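Just below sit the structures, each encoded as structure tokens.
Two complexes come next, and they have one chain in common, chain A, joined by chain B in the first and chain C in the second.
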Partner chain A sequence: MNKVDLQNEIASLYEQRNMLVRARSEAEAKNSGANGNNANEVRKNGVSNSTVSLSERAFAEFSKIGVPDQRFEEWKYAAPKLFKAASAQGALSAELVIKNAMVLTVEDGEFIIEESSNPNMLSGVTVHLISDDNFETDPSVAIAFESILEKKNLPFASLQTAIEEYTIAIHVTGEIEVPIHIRYITNSLGALLISTPTVLLFAAPNSKVTLVEEHVSHQPGNTIVTSLTSVVAQSGSQVNYIKVDHGTGQKSIAHTTADVFSNATFNAYTACLQGGFVRNDLHVRLLEPSADVHMYGVSVLDAEDLADNHTVVDHVAPHCTSRELYKGLYGGKSVGVFNGKIYVRPDAQKTLAYQANHTLLLSDSAQINTKPQLEIWADDVKCSHGATTGQLDEDALFYLRSRGIGMQAAKQLLTNAFVGEVVDRLPVTEVREFVQQHINNTLHVTEIEA
Partner chain B sequence: MSSLIEIKNLRAGIEGREILKGISLSVQPGEVHAIMGPNGSGKSTLASVLAGKSEYEVLGGSVEFLGQDLLEMNAEDRARAGLFLAFQYPVEIPGVSTANFLKTAVTQIRKFRNQPALGPAEFLALMREKMKLVEMDQSFLSRSLNEGFSGGEKKRNEIFQMAMLEPKLSVMDETDSGLDIDALKIVADGVNTLRNSDNAFVVITHYQRLLNHIVPDVVHVLWDGRIVKSGGKELALELEEKGYDWIKAESAVEA
Partner chain C sequence: MATDTEVLNEVVESDYKYGFVSSIEQDIIAKGLSEDVVRFISAKKDEPEWLLEWRLAAFRRWVEMPEPTWSNVHYPKIDFQEIIYWAAPKQKELLGSLDEVDPELLETFAKLGIPLEEQKVLAGVAVDAVFDSVSVKTTFQAALKEKGVIFCPLSEAVKTHPELVKKYLGSVVAATDNYYSALNSAVFSDGSFVYIPNGVRCPMELSTYFRINARNTGQFERTLIIADEGSYVSYLEGCTAPMRDENQLHAAVVELIAHKDAEIKYSTVQNWYPGDKNGKGGIYNFVTKRGICEGSGSKISWTQVETGSAITWKYPSVILKGDNSIGEFYSVAVTNNHQQADTGTKMTHIGNNTRSRIVSKGISAGVSQNSYRGLVKVLKKAQNARNYSQCDSLLLGDKCGAHTFPYIEVANSNAIVEHEATTSKIGEDILFYCNQRGISTEDAVALIVNGYCKDVLNQLPMEFAVEAQKLLAISLEGSVG
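This part shows the complex of A and B:
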């Protein structure tokens, strides 16, 4: 695959989508006569609208940057890897099974109803599949897309908005203990680009929910898979958001946004487990006082893997807190990227914002590129950031070995201790064990250079 | 009776600089040897070389431990064979609990020694018993290894580990430094309880006060990488009284 192929593919996907929407809308017009032609502001397709449609606006936004190359600062490290073949070993990845969870399965971009739980299984949660010419049925969807479109410099999020055909809208009104587990599975060997349905999660005031997004590919391949998730955490709600990438053979590009309102808590956990190529853009806005945000990340890479985490924490309202801790274990010739932006707007007095990115390099050829970017316009705030990169501590290793602990076990103890600060916090037991198991396997096969 | 450890003319250094300049020492089962000497004379270097710290380069000599060539073994195998170093500066290891660390160590050592693995309950009982020896609180088990421990707590933790691993030869590097009188007594009593006719101790110290409690059979003075004088326990008292200067003078005359 190269850039021209991909651009052609994107143009044809966009054209296909427009044809489909046009056909649908003509059929609709036939059925409902002249009334079906009313221009509707919230409609996405806009084929018969007087206003420019959301899809067209999104495609125009995408076209400003197009498929990014390394001259585009935000994609400096990821772009060169985008067209590189993924590592040939399509090692079968273990299955993540979460007991009692509500499962939604998306395979090669299609929602698979047979492999999903009954959408009504939980009281206090509704799940709707909304085709994008039907947004008027759910006004919050249109609002969410407007908010996504406001964001610039996210070419793949714009692209997905332009070409996707339907959206999964999840409304949470109760306190839900069992997780909602969305599985994005890639099997397609040939496709250049797959765009998954956008997921919109609305947590009503004082509700509680845990969303687990699992991106997995079981086949070796090179497909670019884009995904887009938007969370609205209304006042007093608590949202746990977990994103796990594992397996090889796909290039996963994900954009997640969260808008957090007063007294709401948003906890994000991002685990990149040898995904081959994973790019995450996680953008969080703290929009009302006393919003509380935690963002944890752990990346365990080997071979030629890349994990690129771009985060934006936008403090708009006063008296909010954000804490960010990303840890990386990089072996082989892997490349880790961490770019953390923190904005503290003029009104966001009494902000507490912390950011830390710590890396253990397990081989001489692995690399980490880390860049904190803090922009602070308020004066009464506490912000800090820190980054460290190192190898395993020699003195600690010797201490453990002097107690009869073998080299490999000693390295495992120290490495697990390093990532434990993040892994131990994962709020879903099965996910925590899954990540831990993956780390154990990786450390077992990786010859760590002490 | 065969020696537990037989060190012959051991020379070692770092970055091309010789620190140990020919040390010979032989320890029999059941014995306690004290090594005293001014700062910088090479006491900790000797302890580290014996324990297998690879940053030190062995330049010559031999060390036989229980009939094996110690210098050929890696650090973990030395520990498994029954060598224990109580560190002068125990390392803090955040994120690794004391219990988990000991569980890993004991499991690997027992496997090496062909002893059956301990079940969780047995292991916990063993830890409880050994902690009592140095009056350590159980809450330390779940805390990160040495992290945030006071100087005295770290030293007690070293002796606790010694008790858990049941070594044949324990080298204690300034275990008394940083201990108040009460703690010193607790640690010494713990060591005395562990003494038997099969094991032995090399006690490195600056001060004779520890040797009031752990009474040595032999006292050596290490000076500039050499053992310049050996004697009975009275030698420690003499050093306490007169300092090291008279030894310096003596060894200067000899040299």
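This part shows the complex of A and C:
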């Protein structure tokens, strides 16, 4: 596969979608007669001639950048690997099972009702599938998409907005203790690009919810899977968002956007556990005072894996706090990328922003590219970032060994402690154990060099 | 023609301001850039054929290159056909002594504070003064000659040491490296050439003053410094420029080559005209500076204090090729009013056991924008590389911006790379503490700023450090309370 193939594929997917929409709207027009053209202004497909449809605008936005290549700054390190055939080895990864969780399954881009929980199983949570010409049933959906389109430099998010056919809207009104577990499963071997349904999570004021997003591939292949999750955390709400990537040789391009309002907290946890090519774009806007965001990430890579974490924290309102900690263990010939941007707007005084990225390279063929970025337009702020790349502390190793702990065990202990800072924070026990298990497995097979 | 005395009187009576224009007769060609202009410059300087070809190759490449726009600075598009590419003070017969130099020219140097004679005795600094484009007077040649040090205008070195120039010119910054280096390679006017032979410790600090003088003439200097095995040299570069309304382009190239166990210390105080309070005028300072630690155990250290220029856009870099080599970058960049700066460094670790250290202090005031952009790259074969970077930003005022874009690319598992950055304003509690002890706010800010920059200022040679401290105070005048 190469860039031209992918571009052609995208063009044909977009054309297919448009044909489908035209056919549907013609059928609809026949049914509803001559004056059936009413509330279409907000419709995504824009049947009305007066407005350019969201889909068209999104596609135009995508076309500005197109399929990114190395020259596109945001894709500088990931683009060269995008078209490389995933070389998946190793055992099929374990299954992540979360007890009592509400499960939503998306397989090869289709929502699978049979493998999903009853959408009404939790009180305080409603789940709707919204076909994209039915937006008027849920006005917040249109607003959420507008917000996504405002974010620049996300070509695949725009693309997904343009070509997807339906959206999963989750409204949370109460304090939900049971996690919602979305599984994206890729089995396909043939397709070049699969666009999954967008997930919109609306957390009502003072609500609480945990969303676990799992990306797993059972087949090594070239299929690129794009996904888009958009969170709106209303005032006083608390949203935990956990994203786990595992499996054998998938190519996942995932976007998560969050709009956080006053006194709300958005906690994002990202775990990249092998799995070929993983690109995460996490964009958070702090829109009202006292909104907080915490972002934690851990990447444990091996073989030819690539994990590219791009985060943006946009401090729009004053008195907001953002904290970010990403840790990486890179072995084999893997490539790790971290690009964290803190953007403080002129009015966002009294901002506290902290960002750190720490990496251990476990092999001489592994690579890390880090770019912690600060863009500050307000003066009364405290922003800092730190990035380190290195090895295990020799003094600490010596200390352990002098107390009778073997070299390998000492290294594992220290490495575990290194990633533990992130892993221990994972709020769902099953996920924490799952990630820990993965790390343990990796450490056993990877020989760590001092 | 006026007698010397009349000219002197006129100079003495004229308004003495920081910004002034010397009206020395100049050799000027029509503005615009073409192959003919390149040929003209080369012919004017009586250059050998190979150099002309080199210039032309660079020019042809430049024509095809797109103008870079990725930086975080904004300015109206430069019309390269509006620039005069050659302006040299009218060349006289070779001068034997100072008396023969145009007195007005000497006066101009005096205004700039470069008393050629006095400095010889007092400061022990040899000055290669670049007045617009042609080096006029080089002092201390004799003392340097004794040690075998070559310190002369590049155009002279082309004639006297063609083998050295041919070998090293463009070896660190290739003619086609980037848009502005290609432009410089095509039309470079003159600059300094330094060669320190084996095992020689240069007996004095070498210094050059650049000066942009004639209207609308871009300056395209090229500096080439070669430190042979085991040698040491400290080179100072300081700049002032007169008031101007049009923006002036300055696209210089500096190349440093340090052989085995050699050390080059390059210090800059840049104080060009930053434009007025409303952002009108000012210099565009688009410079390519790069050094290579060619041999093992070599060291290159960049120190810069950037207070001037409407736009500063440069990344003094070090390629750490030799084993055990060291690269350093110390920078203070101050922006006030409408100034913009996008500066930083690139450290490329290639050899084993290489070390680099980056200390960057940005200060933004007024409505200025100050960006740090840096790259630390550790190649796969570079064992035991070590880097420490610190870039801090200080914000004075709520309309300015401070940005950091550090790139870290590591491909070797035993590299240790650390980077930290902070952005903050001067704490009210600190100001209050000073006020409480009878220090006015303005003084307190100067005190804090100087303390904040100390790590960098300490790296400057003595006479520069004093100048730099004053500059900081002047640059920030009126930016607080």
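Here is the rule we use: the second predicted complex is superposed on the first by the 443 of 450 C-alpha atoms of A that agree within 3 Å, B and C clash if a C-alpha of one lies under 4 Å from a C-alpha of the other, contacts with A are read in each partner's own complex, and residues count from 1 in each chain.
By our rule, a contact is a pair of C-beta atoms (placed from the backbone, for glycine too) under 8 Å apart; a residue touches a chain by one contact, two chains touch by 3 or more.
This is a predicted model, so every value here is computed, not measured.
Once the two complexes are laid over each other on the shared chain, residue contacts for A:P155 go to neither chain B nor chain C.
Using the contact criterion defined above for the overlaid structures, shared-chain residue A:Q349 touches chain C, although it does not reach chain B. With both structures placed on the common chain, the touch criterion links A:G328 to neither chain B nor chain C.
Looking at the shared chain after the overlay, A:K371 reaches chain C, while chain B stays out of its contact range. When the two complexes are overlaid on their common chain A, residue A:G297 makes contact with neither chain B nor chain C. Shared-chain residue A:S402: touches chain B; no touch with chain C. With both complexes superposed, C is the one of chain B and chain C in contact with more chain A residues. Of the two partner chains placed around the shared chain by superposition, neither chain B nor chain C is touched by A:P179.
In the superposition on chain A, A:H385 contacts chain C only, with no contact to chain B. Those residues of chain A lying in contact with chain C across their complex are 73, 346, 349, 359, 361-391, 449. The residues of chain B lying in touch with chain A in their complex are 51-55, 74-76, 78-80, 84-85, 87, 90-91, 93-96, 100-102, 104-105, 108-109, 112, 144, 161, 165. Interface residues of chain C facing chain A in the complex, by the touch rule stated above, are 70, 380, 393, 395-425.
Note for the complex: chain A touches chain B at residues 393-396, 398-407, 409-410, 413-414, 416-418, 420-421.
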